Structure formats: C-alpha cells, structure tokens
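Input: one structure, supplied below.
Labels run A, B, C, D, E and F following the written order; every chain starts at residue 1.
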C-alpha cells in the first residue's frame, strides 16, 4: 500500500502556502522535508494527517495508517511516563508499552510525572508514542527539537528499524538526522506565488 | 474509549484537575444567596428550588472550559483527532467524564444544601431526581459550548454567554419538578420533558460538538 | 441562470448597488408614512387610550426580530450545506439589525406595559421568550467577534445558529409551560375572524410592517456588502503578509 | 400634535427610544460600510502599486 | 501609568477583549433566577436586591482572570516588573481598568435589570449608589485573587473559590443597603461600611497583590 | 558605573543550578553567555534582572539601569506595532519611538497588528523595545531566535551602536552574533554540583 500525494495545494490563515506538491512514499522509504521557516512544512503535514482540508489535489493513503508527531507532544504533566504512554497504546488498541519504553531509553523514568521531565525527555516520550501507535506512516514535524546528539542517534536507529519493518516516514527537519538513505524533498519549488486564495474554489471571487 | 474515560477521571483527581471545585462553588452560591437575600425561612423555602438549580448550573458552567481547552493547548486534541476512535465518541466520553466529576457530586451534595435553603421536606427526593436527570444534559450542552470556544484565549466569559441560554429549558423543567414536588403537586410532565431534553442532548449534540472541534482544529 | 449566481460576491455587490438606491428610499418612505399616519392620524382606542400608537413601532419590530433570526437560520444552513460565503456573511450582517429590533420590541413593550398592566415588566411567556432571543443574539454576535479566522467564525456561528434555534424553540415551549401570560395573542393575521384589529389601525400598521421589512432587507444588503469587502481586505492583507 | 393625555410619556418615550435605536443601527451599518470601502480602496491601491513596481506583473497582480 | 490604563482599556475594547461580556452575564443571571424561582412579582421583588448583587458579583468574578493572566502568558508582566513604575501601581491601575470595563457598565445597567426583577421604586437609587461604592472594592479584591492564581492553567474555578469568600462582606452590606432603601429604612450604616470596605481594599490590597505577583513571577 | 556580579548562586524549582558566578561589565562591553541547554542561562538572567532572588552572592548595578529581553516578547496581538512600542516608551518615560522603528526596520509595518506579524517581525519589535527603554544594561535571552541572517546582522549593528554610546550587554545565545569584540563567558564551570539546596538557609535543616 502506497502513500501518494498528487498536485496538492495547502493553505494556512486563508492564504495558499504550497501548491503542486507531489510525492509517493512506499513502505521502507523515508523522505526528509526541507524548506525555510514559514514555507509551510507544518501546514503540509497537518493536511496530510487529515487535520485540515486540502485546497486542491488528492491524498491517497490506506485508512488509519498515519501517525502524526506534532510540535506539541500531547503529554499530561500530572500523569507518569508509563500512564501517558499506556493511554496512547489503549487508544490505538495496541498492547505492550514495554518495548517502546526501552527503545526510547525511558525505562528508568517510568514512574516520573511528565511535569518533572526535562525538555529532551519529554520529547523522547512523545516519540515513544509513535511506536505504540502501531501505524506504518509516520509524519513527523521536527522530531529532534531539544534532543541532544545521543538521543538523535537513538531516534535514527528507531527510525531505521521502523523502515526495515515495512514502515515509512515523512520528516520535516532543519538538522541532519544521520539517515543517508532518506530522500530529500525541498519544498521551495512548490511555494505558492501570491494571488491564489484559500477557501476552496469559491473564494477566488473575493479577489 | 474506556482508556479516555479513565484518563480524564485520573486527571480530574490529581492535583490541578479541579475535582471538587465545582462542588465548592455550588456550596458558595447556596451560601451567598441567603446572605444577599436575607435570612427569612419562608422566602428562602420559596426560592430554594430555583436557587439550587441555578447554582448547579453555574457550578457546572465554570468547569466547562476544562473539557477541551487543556487538551487543545498541549496538542492532545490533534492526536485524538487522528486516533482510531471517532471524535464524536471522544466528545461523548469527555462530556460523561465531566458529568462524573462535576454533575454527580452536585447531585449528591444537593440535599445538604437544600437544608441551608429551608427546602420543604417533600422536595428533597425530587431535587435529587431532577438533578440526576438534568445534569447529564448540562454536561452535553456545555461540551458543545466548550467545543465552540476551544481555540479562544480566556474564553470563559464567552462560553458562559453561549451556553447559559441553551440551559434555559433544562433549568425551567428542573426547577419546576422540584417546586411542584415540594408543593406536593404532580411532577410527571416536567420530569418527562427534562429527561427528554437530556436524552436528546446526549444523542444529538456530540455530533455538533465534534464538528465544532474539527473546525477549530483546522 | 441559477439563483446561486448571486452568491458570487462580485455579482452580489453589483446587484446590491442596483437594488439599494430603490430599496432604501422605499423603506424609508413606507416607514415614514406608516409612523406619521399612526402617530398623528389614528384615533384613541376605547380601552388602551393613546397607547395604541406604540403598536406601530412595537409590532413590526417584534415580528422582524423573530424573522431576522429565521433568516439567519436559513442563511446559516445554506452556508453549512452549500458553502456559499455570501450567505454566511449575510447571516452575520443580519445579526445586529435583529438585535436592534429585539431591543425596540422590548423597550416599547416595557413602556406600553407600565400604563396597561401597571408594571414595566412581567414574566409573561412571550416577553420572556423575547428576552431569551436577545441572549441568543448577543451570544451569536459575541462569537463572530471573538473568532479571528473568518471562515472558522462563519462555521462556528452557523453551527451555533442551528443548535441555538432548536433550543430557542424548546425555551419558548418551556416558558409557556412555566407561566401563563398577559400578552394578547396575535390578531394581525385574523382578518375576517371575530375580534379583528380595528381598521383604523390596520393600514398604518401594514405600512409600518412593510417599511420595517424593507429596511431590514436594505440594512442586510448594505451589511453584506460591507462584510464582503472586509473579507476581501483580509485576503489582500494576508497576501501582503505572505510576500513580506 | 395629537392629544396624548395621561399616556404622553409612554407614547413619546416609545417613539423616542424606538427611533433612536433605529437611527443607531442605520448609522452603524452605514459607518461600517464607509470604513470598509475606504480601507479596501487603500489596500487595492497598495496592491496595484506593488504589482506595478518590482513584481513584473507577476501571477495575478493584474487582477487586483 | 496613564499609558497602562489606556492600553488596558484599548485591549478591552478591541475584539476579543471581552468588553460587554460581563454585562451580558449580569443580564443572564437576572434572567435565569426568575426562570428558576418562578414568575411571581412579589417573591421576585423581595429577593431582587440580593439577586442583583450576587449577579454583579459573579459577572465581576468571571472576568477576573483576564486582569493578569494574559499579561503573564505573553511575558508582559515580567517586563512590567522590571519597568520604572512600582508593581503596586501596576496592580492598582489594572484593577481600576477592570472596574471601568466591568464594574461601571454593571452600575449603569443595574436599574434596567431592576425592572426585570420588580425591584420596588424606592430601591433604584440605592441600587446604583451601592454598586457604585461596592464594585471598585470587588475589582481590587478580585485583582488580589487573580494575582494569587496567575501562574495556574485554567485557574478560573480556583480563583472563584478564593475570591468569593472575600466578597462576602461587600455582598452583605451592598444588598442590605438596597433592601433597606427599597423598604424606606435608614441606610447610613451599611452604606458607610460598604464605602469603608472599598476604600480599605483599594488602599491596602494592591500591596498584597503586588507581593503575590512577585512570588508568582519568581 | 559598573555592573558587578560576585560569587552568585542561582536556583530554579528549588534546586541550585549555578554557583560562584562572577562577572564585571563596564560600559561599552558585551559579554556572551554560553552553556548547554538547561544549564541555567535563563535563570541567571532573570536573577540579574531582579525577577527572582539570588541564593547567595551580590549583584551591584546602578538603579533602574537594566532592560531585560526575555524569551517572550510581551506583545499584545490586538495592538499595532506603533501602539505596542509607544506603550513601552510611555512606561519608561522616553519619547520618540521613530528612531527605534527605523533602526529595527519596522517603519513599514507600523500600522500592522502584532497578531499579523511573522515570528521574525515580532522578534524585531521585541528588540525595538530595548531601544525605547533608554537603559544602559541589556540582558538578552536568545535575542536572535527566529531571526534570519539579515536581521541578525541588523541587530548586531544596533548592539554595536549601543555599546559605542556607552551601553553594555549580557547575551545568552547559542549562535554566532558576529560580534568578535564580545567576551565569551562559558557557564559550565559554574554548574552547581548537587546537594546544595535552594531556599535560603532555612531549607538546609531538611538535609
């Protein structure tokens, strides 16, 4: 099952930011999204995750196959690491959070409340959620923010295993993840050139 | 779904979750009104059903913004929207959790406050029953209001303004049940209408709320 | 040509520009004739004395207050189902006008109530429903103003309007259950039945009614044009921001 | 002026308040209309100026 | 200082600032209570002073969290604390701005709502006067509560609980003035006490509030 | 007038994070604070700005001479650029926001609401506040976050002028500001070695 984007245009705040984006992602592949601040990486990923409607174009993906990792980690500060992770496992109907805890080096912190984690530990917990989601396509928005180099390498390992197991990933990031096998998609050519207005079709009458 | 319910209850019970605050507010209103109105028992007895219902309604109201706002701010709502459970279910569960945390304690505490307000003997049973039937509706309606205002900063006052008019039928029938019950009159009609509103709200509003959430997440 | 052609903003502004120069004077004319006729040239009622003259403001305002909400409901449904932006904007433009009519009905009603019922305010079901309608208008307008993104605001207020209408109806029923009233029933549509409205009041009232309806339409048209322009302004500003 | 008798206050106040409210809403609508129009004209002028200089009549500049 | 006042008023007036919402809430309470209590004019007239005062208090309460929370969240409060004006002055000015935006409209609207609740003729003047004297105190006390809870997420309900007990004396004296006034009795004593509370709160509480703010900023 | 820190210890969340910090800043000087994430740069700057008490040590500075530039900019999104800046000028009793607007390249944006600014533009407005504060000692916490290279250069120029006019600056930053004349202060040697508990004196009883 492939994940295919065709001629996609996405909008934010009523303005089209990217247009004509096309991409095919097969199992085992990773694609890195590049582009300056504000070009629309987050917007693109949110659209692909189904959180906002596309302006034009089509997104084809197997149903319920996408795990979205946003800027925010969605952690509850009064719950412990284990409770946080177990909640997401239950929501996704998977079981066994143990491997995810171990893989993301969180086993020692299992009973710590999320409020007492450092920023990097919080981030690791947010990434562990991807593992318990059990979904093949990962859409990640700057997953390594506030991680130190050791943790970045740990994450790259996890990612490589995920790809080897038939998963795929689309990652927006500014830094080098140490994944030479990943394709790079530069978004600059898709930048919308003014004048194209958002709300589907009809709104063009406002110009 | 059960996991979501458990998590919401757990969050409410841990520090900062606000469990019990609604109850305290209910108590405060029941205390403030006699302070403002004056201590005569007969007047208080007459207004007790109405005041208790208005108090329950306000206590419910003040905790509404917690239903979605915290999850929205820390990104959980985004993730729940992409999770394999329907957003309508999420809304219904969260409204139910809100009722367990806010509405149910109010139901249990109401008889005690009835004493403070000199509620006539015959009214207590009806008070509890009407609140039991009515407050789940309040939570469902409130969840709709909370979904409408979820993206707004400090939208508490706006939320009140949107939700309170929607509470009017529930309030009228609820207070009417208690009033009639306390006076020994027949209560079937308002009781049925109250139950009808709650059932209708529980059945239909989660869809509207989920739609509002989706719009706000966009 | 389909009626939805007029849902095109540009076309709408053009059409409004052609209609308004006729509509506005017409509305003012009807209203003026009706009010002057009603105020200066109607006899006193044998029961209510000179206070019947209040009717010429009170009744049209009261009717339009409800109808304005109905129009907003229809416009909201069109927006939700067919996504015509102009429709959402028309609903938005109607809200302050409807709010004003509600206020006029309440104020004139209160001033009428003092001599007739001996009290400014009575918790009569119709009066109470109007107060609740006022609250719905306030909430609707406040939500429009609070949400920044215009499309989000249109969606949310549309939803509020639909859900609110259901609850407004419920409230009307609940209030009737709660209290029996003093306010007289509608007689305006009972021509030919027993106890009709005195013909001396009938025609000025009809003029006022027509005048208010036309005024409402004119104000909503102007308001919708304003909203369309503001929408376009927002689009231009967003684009400037993007290029900056 | 018609003879209003003891109801003069009620009738006059009703007409006064009703007409004042009507006037207020008309004034509000017209004021917003004027303001939106002026702001839009200014924005269109900016857009045209920008299209003329520098942007080489790019994309939709001309449609403004 | 004037600049701060002007800025706060401007913020309240621009979209999203919440001006007018307090008023709408006041109206809501005045409508809900009769819906709960029942429509008889004599009962309503008896409880009108108390209900109006409780309503004013709740309307004031619900807008309290805006006093400092928004400034705290966007970092303005940090900068104000290091600016060359005393934090006590900042607090006093912000409480005053809150009163102008919330309390003053309530004072002006109260007579209209008095009509809804069948307040006796003689009570109107005293209602306005007591609110005029009392609401500045409510703002000052509320600012203290807001300063205490400024760092908390969605602390609205906790804020209510902290502040409502502090409002009790103001409520009692305020409602007493109106009740006595409406009944044609002497009102000097409660009126003086009301004025005393407001003056005392205005004079002393800004220091406590500033201290609370400093602690929360740490 | 100098700005002198002697044997300073600062705490956050009840734990001492830095101790023994000493530094002297004379007019015309700039000092760059360096250190890993979480070492306590923000905590140190907040202490120096007077927002939290020091655990030990002394801070000597002329009264009302410090302008603090935090992570957050303290902008009101419904006010325009001009209104925001004029407010801070009024608070600090200075007049003439014009030069600051021009220096930070904000003149064209003067009537734009802060909500409609991009992140970088917001940051420039936050920095313009320093100029209207009229104070000599600037304490800046990552001032160039979300600025592009041109804006960073612009800011370096502004900073250089400020130093030439007898001002001074203490800047926590991870990137290179292009200020070769600035001294660098690495905080790693001052990292508190566990066991030292915060709240002055009293808390030690619990050890």
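In this section, contacts are C-beta pairs under 8 Å (C-beta built on N, C-alpha and C of every residue); 3 or more make two chains touch, one makes a residue touch a chain.
Predicted model, so just to flag it, every value in this text is computed and none were measured.
Taken together, subunit D and subunit E share the touching chains C. Seen from the C-alpha centroid of subunit C, the farthest chain centroid is that of F.
Averaged C-alpha coordinates put the centre of subunit A at 46 Å from the centre of subunit D.
The centroid of the Cα atoms in subunit A and the matching centroid in subunit F are 34 Å apart.
Averaged C-alpha coordinates give centres for subunit B and subunit D that are 41 Å from one another.
Among the residues of subunit E, those in touch with two or more other chains are 15-16, 21, 24, 28, 34-35, 38. In subunit C, the residues that touch at least two other chains are 132, 135, 138-139, 142, 146, 148, 175, 178, 232, 237, 239, 241, 243. Shared interface positions of subunit D, i.e. residues touching 2 or more other chains, are given as 64. Of all the residues in subunit C, the ones that touch subunit A in their complex are 8-10, 83-85, 149-151, 228, 231-232, 234-235, 238-239, 241-243. Of all the residues in subunit D, the ones that touch subunit C in their complex are 1-8, 10-11, 13-15, 17-19, 21-22, 24-26, 28-30, 32-33, 36-37, 39-40, 43-44, 46-47, 50, 64. Contact residues on subunit E toward subunit F in their complex (touch as defined above): 2-4, 7, 10-11, 14-17, 71, 74-76, 78-85, 217-218. Here subunit E touches subunit C in the complex through residues 15-16, 20-21, 24, 27-28, 31, 34-35, 38-39, 41, 44, 115-116, 118, going by the rule given at the top. In the complex of the two chains, the subunit A residues touching subunit B come out as 46, 49-53, 64, 66-68, 70-76, 78-79, 83, 86-88, 90-93, 129.
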